[in-house]
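Structure incoming, see below.
By written order: A, B and C. Residues from 1 in each chain.
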């Protein structure tokens, strides 16, 4: 039976080429938009280089202090994290590093290079699994001694030194200071903004007084749990600690600073009233609705038209004993075949578009890849699309009166 | 009233040439009720279309009211059809999405007339065919005979001098067919309307003034 | 004829409903997009309000351990003089980090004339700010060195704030902030968040002894031929004076580009998406109309037979589509008009109105084009053939 439907579907598609073109255009284009979006999001949040242990890590990235007439939000300070987070008992390892977005310049051969820098401790290199192209990370002793050592990214190496095989042991000047290069790591895309940097330096050589006793001050902490089961425990332990932290000053009466999963901290808006996650999901939902709604209505419209065109075929089928149910089933299957065909074109189109986006290098070091997850999403969208645009026309079809249907053509 | 001279009509496709009408000459007097008969495909409908100025002959000339028609523009033709001709078809060609009254009013929409005038004329025409009680119905709610009567009302609403009927009783049973035929005969008699009717039915043809038979595009009687 | 078409459409309402819905949603999408574009365009047409070419921004972090106001003041005066002494430097000035084209904002409220205006951008600047960025002075004067001594702290406000506080009156000389501050000048609005943004209400305060601890930016206006080599020299010079500071030099030209990019990218993405949605809709409309013509061949043939010209048949079909579009637009306008009425996004009302007119015209044009060809096809239908098909 299914084979029969398939044959009819292909025949119908061939009959009205223009309508088939419109349908396929709508389906494949809609799917392309959705897939590129899905691939983009998947790669932004799904990229687990360098934090491969993400699923058993918690992140403290922002704090919010509130009072009656005052509100202040930002990243916590080194002092604060060192005092309250680094002392937690449950985590297997804790790292404190400066948050993203710090930049400076260096000048080589009359060329200016803008550099992002990040202060880290030695644990940072244990918790995060950076891929070292050469050399190694700095160790706890070097951090303690305040040595001017640095780990740099592959991109910076190329920009600063040009194409030379090895730079470990060489000096790089950044922010008017000479650092000895201890290792070179693969680039992190800027979309992983919490960990992205061109140069990583021990926090002890920070020019800004990292022992400043302000609560806020541009650092984040990564807490690594021994196992996934410990995550909740760590989060609870940290919340307990936070309850006992005295307010920074009289302006504030409460404080909001939590250890969160990667996703939540990634989308943190720094405002306890609005969850970044909810906002992101709403935005994606609205976008999806708009992008999907019009092509769906369009497809319904065309499907209704096509069905009316086939009224004599339907009349004959009914006359020879097909029930409305089987007809509806037939039409939905036909429509699913159409959408899947459109989906296939959509996948090819999105593949091409993703290649174009990648080669345009819009975001440095960020490469969009299609993976199984994205393909599954595409398949799901296709299915929903086919179902939605098929059901109403099929219902209209099943209502068709046999006599008029037979007479009409 | 209508004069056809040596009308010839050839249909061409890529490979075949078909002679649909072969040198037809015909004079139709004012007030005459003429019927055209012949087997399927003999060219009856083509002839009617040519008389109705819906189709152009390949050769020959057609004059209506002593007026040559081959040089008329699309607009003049449309105007001519609107004022002088009324059409009735075997399959009625009513617009199913319009009520009976709106269907009958249709020809008046293509000429200058007020809404009230249109309504009055349409009601009057429907009265003549005995359907005054169906004005608010949709065509799908009517029987075949009623539909054809609506079509007749539509054909006469503009008071044309000539009515062209293409197998008006072809889809109807004999009772309904006779009803329709009576209306046509009555129109011809009381209003003096010239009627040209294509038919299959000998009985219907017998009731008219004159009969023309076609066979393979030629006039045989 | 018009009433006739309305009747025809009304009696076919079930078939027409989907088309009305499709046009309606297309209209809403177009309306949203054109609102954005009109908003950007109107902003783009306004003057930028400052000159950003050849202005470099030096960011530094707290370089001195001292809290002593006088020594801070001396240090910064020294820094300013040193930098200004460099050959290609034209003028320099200190300011707070909410520099135009940067993401940083710093806002508060301002009371005056019995009103309280919230979300006023606060800029801390020095007397050289105007010579660096050439913010246009509308009335009054810019800061001078002696302003520190004044009892009521002098401030400048922009035109927008002047209008909100004092309406048509001049703000010059007025006391605000409960008599603590005096308005000495009004400047032109500055589009601080890039070419496509709306200027916000703003006030300018003078950097004084108490503000040095949060002032971390130095603006440097250089001559057009200043290159990377000179920038390196400037960098070294400043780094030599501020040993404990992180230092970064950026160019306002680049910052403007990147902040514009942030406004344009979402618009371009939505534009691309919208274009394809519209192509989709256009093809769909075209297909359905075209199909309907084929379905109505009998009707069209009949109309020709009873006296319709080819032209009147095609114009009838085009008018039918236009009436359908009008119905959608009436419903759509009802929804669209809610945005200015309820003031949903805090945009000027004229933005919505222009966008509304544009989208209505666009939809009419779209439907017109989509129905033109099917209409022409209809006119070409041969009545003799169409009438004998069934």
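What we mean here is this: a residue touches a chain if its C-beta (ideal position, glycine included) is under 8 Å from a C-beta of that chain, and two chains touch if they have at least 3 such contacts.
Everything numeric here is computed off the predicted structure, so don't read it as measured data.
Seen from the Cα centre of subunit A, the chain whose own Cα centre is farthest off is B. Among the chains, the centre nearest to the mean of all shown protein C-alpha atoms is found for C. The interface carrying the most C-beta pairs in contact is the one between chains A-C. Averaging Cα coordinates per chain places subunit A and subunit B 72 Å apart.
Averaged C-alpha coordinates put the centre of subunit A at 28 Å from the centre of subunit C.
Between the CA-based centres of subunit B and subunit C the separation comes to 66 Å, rounded to the whole angstrom.
Every residue of subunit C that touches subunit B in the complex is listed here, in rising order: 1, 3-4, 7-8, 11-12, 298-299, 301-312, 383-384, 387-388, 390. Across the complex, subunit A meets subunit C through its residues 18-19, 21-22, 25-26, 29-30, 33, 102-105, 107, 110-112, 114, 117, 175-176, 207-208, 290-291, 293-295, 297-302, 304-305, 308-309.
For subunit B in complex with subunit C, the touching residues are 45-46, 49, 52, 54-55, 74-75, 77-79, 81-83, 85-87, 89, 91, 93, 95, 97-99, 102, 105-107, 109-111, 115, 138, 154, 158, 166. On subunit C, the positions that touch subunit A within their shared complex are 15, 18-19, 21-22, 25-26, 29, 61-62, 227-229, 231-232, 235-236, 239, 244-250, 273, 276-277, 279-281, 283-284, 287-288, 290-292, 295.
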